[in-house]
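The next part holds the structures, each set out as structure tokens.
Both of the next two complexes hold chain A, though its partner changes from chain B to chain C.
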Partner chain A sequence: MSKNRKKNKKIILFVCFVFFIASGFLSIVQGAVYISLKQIFHLLLYEREGTLHQILWNVRIARTVVAGLVGMCLAVSGVILQGIMGNPLASPNLIGVSSGGGFMACMIMVFFPEQHYLIPAGAFIGALTTTLVIYFLAWRQGIEPTRLILAGIAVSSFLNAGIHACTVFYPEKMIGAIGFTVGGLAARSWPDFWMIAPYGFLSILITLLLPQKLNILSLGDEVAIGLGMNVEKIRFLFIVLSSFLAASAVSVAGLLGFVGLLVPHISRIFFGSDYRYVLPSCILLGGGIVMLCDTMARCLFSPIEIPVGIIMALLGSPFFLYLLRQQRKG
Partner chain B sequence: MSLKKRDEKLRLCSVIIWIILGVTGCISGTPTIKIEQNQEMLSFVDAFGDEVEVPMHPKRVVCLYHSYLELWDLAGGSVVGRVQSDQPVPEKAQQADIVGTTGTPNIEKLLVLEPDLVILSPTMNGKDEFVSLLQQQNIPYLALRYDTFDEYLKVFRLFTTITGRDDLYQKYGEEQRKEIEKLISQAPQDKKPKVLLLFVTAREVKVRFSNSTVGSMLEDLGALHVAYDAQLSQEEMQIFSMEKILERDPDFIFIQTMGKVDQVQERMKMELETHPAWKTLTAVQQEKCILLPKELYLYKPNDRYIEAYEGLARILYPEVFGE
Partner chain C sequence: MLSCHHLSMNYGSKQVLDNLHLDISKGEIVSLVGSNGCGKSTLFKILGRYLFPTQGRVELEGKNIFRMKFKEVAKKIGLLPQVRREFMDISVETLVSYGRYPYLGFSQRLTKEDKGFIQWALDATDLYQKKDQLLSTLSGGERQRAWLAMALAQQTEILLLDEPTTFLDISYQLDFLDLIYKMNQERGLTVFMILHDINQAIQYSHRLLAMKEGTIYIDSDTKKIPMEKLLQDVFGISGTTFYHGDTQKPYWIPKNKI
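Right, the complex of A and B next:
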């Protein structure tokens, strides 16, 4: 029986992998400019110059890779947080990544509009700093998840008020802020990828090495301590990892809130709470979903592009509700 | 699931997205001005499509949108109240009371000035609440919008009719029109340079269309917008496919930005020249990416329309208009 279940999980994980590859493939094949499959192979293997090669390599493939990485980072960040907090509503927004990144981006837009190229780095630093501030505010002889969540909500509300104040006092300087809060991948290319790749891949790799720790932590603090785990240390490590992941994604793609919250739940519908399966499936589903939605964002109204955040919320939420209903029926 | 059913579902999704985009796109509208005038009042259809009446020669005007303050000043009007702005304020309006900012005008400060006309923008935040409040208080208001030179002429005509200064209309309207028509007639008809007009903000790059101020000037001068097929309704800008930009390879890239042009210039140049996709464009390689000065091309040029047209003509056709 157990063997069968294990086999089933492996099959589902394989299906996730196929979904990931298919999304990536679709994202490379589809675009505003028509390039046939045959041409794509030709352009990649032989013809390394010309407009079509530039379109394929520097626009389409670069963006696909960025989308995939952003999706992976957000999904893993979300699954870590839900695991260590023992709270299904935990998401990167909760540890101040969105509000911290958003607030810093606003400050740069308002006070240093000429240095707008600092926004990705600023958002990254803002997100990370806010996470640490929330962590230390919630600290009292250790971290209790509920207190961390409440501190997160309070700090985020405070920073969000700052963001809204900026839009009230400096509406003309905040024009670009809408794009940031919805989240989008327009015109992202290799430099964006290289900017976040080191943090993203390293954090994902470390997380992948520690699924057992997450399994133990999700049993509750008492059990974890009983099993000899240094709960505080491990939890702090995971919070930093999760913050790095989400901050990387936010700095490139803006506030794509949906992935970090819902992808872990979709994974859990299939795999229960075993992080040895949940983690890799989150990586595959997160990356796949963002690549797929970004393809739609590019192609639905081509040559106009719409922010990928809109597509994800429009299609993702009903799909998630459908999965929830199915699960209840099952 | 049958293919037909799947197609229907896809279509439904598309319709929902269209509706959402449509609603956001419908917010702005070009003015339809139909003036009817008696001795004391002037009635016209405003940007909301409502027929409104405003007094002739108003004495206590409050302008809630800074861009229109300059035009009102140009039409010989004076104000008792204005909003705070970091753009230059006309000399006559400098002593006027400040009634908040464009986004959040202060209603108490406004009412205490007892205005007999309020000038506002149909696109400003909170306009609906403001308009209904002005209606309740029986305060006449004027909500108009202009982007192209033709629209400027219409709105300026209305302003000068209200102030009774036809001489100013002749000077800043008619005379400019004649000069600009002359300029346009000199532009080569057969060259049709491909242009891309970008509005660059901190987080995104959008293309502006031919219904925007600079977009319409470029079109008047015979340029062809490479993003000609990217407009859904009346919106002024959209995120445009980078793939299409590469495919259509514009001859000129004009860039509008909110930042200080001289400070942004070097950085922007470097970004374009090092970006893997942008640097392959002909306009970038031939250094034909032009960062447009704010005062003429981001704000309304008003009495400097000729200068604005000339500037663009020189860039597009240096062989005719000189460098």
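Right, the complex of A and C next:
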């Protein structure tokens, strides 16, 4: 039976992998211009010039890769936070990544509108700084998850007030902000990818090495200390990892936090609470779901492109509720 | 083996532990009783390194446990706290395997030796047949045994238990304490536990400690407990004490609150 369950888990993991690859291909094939798989290979290998190659390489593939990476980062960030806080509602929004990134992006839009290319980098810095501020505000002889969550909510509300104030005072400069606040991937390309790839991939790689630590930490502090874990140190490491991940994602995709909440729960429905399976499946599902939703965002109402965050929420929420009901029955 | 010296703990201006001394010898079962709020849980949390005392030291074989590496302590002291996050969607075997955490190398993989200890712990707690079941499918008593199996897989010389029987019915309570006693007899496991039931504490341990106002008020061989002092001074109740014919140990039935 144990062999069976292990085998089942591996099969589900493989299905996740297939989903990931399929979403990726779909995202590359579909768009304003349909490019068939055959053409793709031709364009990549032989015809390395011309408009179609440009579209394929710098628009389609680049954006797909960014979408995939953003999804992975958010999902892993969310799963880490839920694990270490022992709170199923924990998501990257909670440690101030979204509000911090959003606030900095706003500031740049309002005060340095000519330097709009600084937005991703600014959002990244804003997100990380806010996380650290929240962490130290919540510190009192150690970090207690509840206090961290409350401090996060307070700081986020404060910064969100700033964002909304900007919208009131400078409505004309904040027009571009909608894409950012609901989360969108319009016009994302290789420079965005290279900006977040080092942080994103490195953090994912480190996290993948530590699923057992996440398992132990999620049993609660007393048990984890009893099992010989330096809880404060490991928790800090995980918070840093998850804020790097979320900050990377937020800086190019805006406030797409829902992935971070949804994907870990879907993984848990399939795999239980064992992070040795949950982590890899989050990476595959997170990447796959964002690539798939971004394809829909581009194609469903073409030529109008809707922000991917809207698609995520519209499709993701009902699907998630359906899974929750299934789980209760089963 | 495990000892506390001049242990004090303040929460703000409230003194919870007051210059407490404690010494647990190898191979004995020591139970701690006391009324609510006397500081016994705080003491447990300090022994479990979850709280850092305001003053004083905790020593394991003469070494300060707060200066030792976390994993080194975890190879000597296993513990089962009351507060823990219960995940129902992992299998019994997975939970028990977490007990090997202090021994894992960089790759975090279980060795053959680790697997041997996991199997032994499952056997000892009579859970081998259920090892693939999810925790959610177990009864409360079995679940508690699964957590104990995790602590046993840790292969420590000392086991600390904080009210391990509180949420179990009487049959599971005795089942659990029998198991602890067996581990003590067969493997020389040193046990320190907080219990609520004074009769059970007396019956299953070699030594009984009673805490009052942040310090150890009674420290006695379980055959020679000053029962009146224990009931009146520590708990503020009166009761009738009898002596068991075989074990020579006292047991009591409650009369009234003083």
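What we mean here is this: the second predicted complex is superposed on the first by the 330 of 330 C-alpha atoms of A that agree within 3 Å, B and C clash if a C-alpha of one lies under 4 Å from a C-alpha of the other, contacts with A are read in each partner's own complex, and residues count from 1 in each chain.
We adopt the following convention: a contact is a pair of C-beta atoms (placed from the backbone, for glycine too) under 8 Å apart; a residue touches a chain by one contact, two chains touch by 3 or more.
Only a predicted model underlies this, so the values are computations on that prediction, with no experimental measurement involved.
When both complexes are overlaid on chain A, the residue A:212 reaches chain C alone and has no touch with chain B.
With both structures placed on the common chain, the touch criterion links A:225 to chain C but leaves chain B unconnected. With both structures placed on the common chain, the touch criterion links A:189 to chain B but leaves chain C unconnected.
Of the two partner chains, chain B is the only one that A:315 touches; chain C does not reach it.
With both complexes superposed, B is the one of chain B and chain C in contact with more chain A residues.
In the superposed model, A:89 lies in contact with neither chain B nor chain C.
With both structures placed on the common chain, the touch criterion links A:62 to chain B but leaves chain C unconnected. Chain A makes touch with chain C in their complex at residues 1-2, 5, 86, 141, 209-213, 215-216, 218-223, 225-230, 268, 272-274. Every residue of chain A that touches chain B in the complex is listed here, in rising order: 31-33, 51, 54-55, 57-60, 62, 105, 108-109, 113-114, 116-117, 119, 167-169, 171-173, 175-177, 179-180, 184, 186-187, 189-191, 254, 298, 300-307, 310-311, 314-315.
Taken together, the chain B residues at the contact with chain A in this complex read 13-14, 16-17, 20-21, 101-104, 125, 201-205, 227, 229-230, 232, 238-244, 246-247, 249, 258-260, 263-264, 267, 271, 274-277, 280. Residues 45, 48-50, 52, 69-75, 77-81, 83-85, 87, 89-91, 93-94, 98-99, 101-102, 104, 108, 131-132, 134, 151, 154, 160 of chain C touch chain A in their complex.
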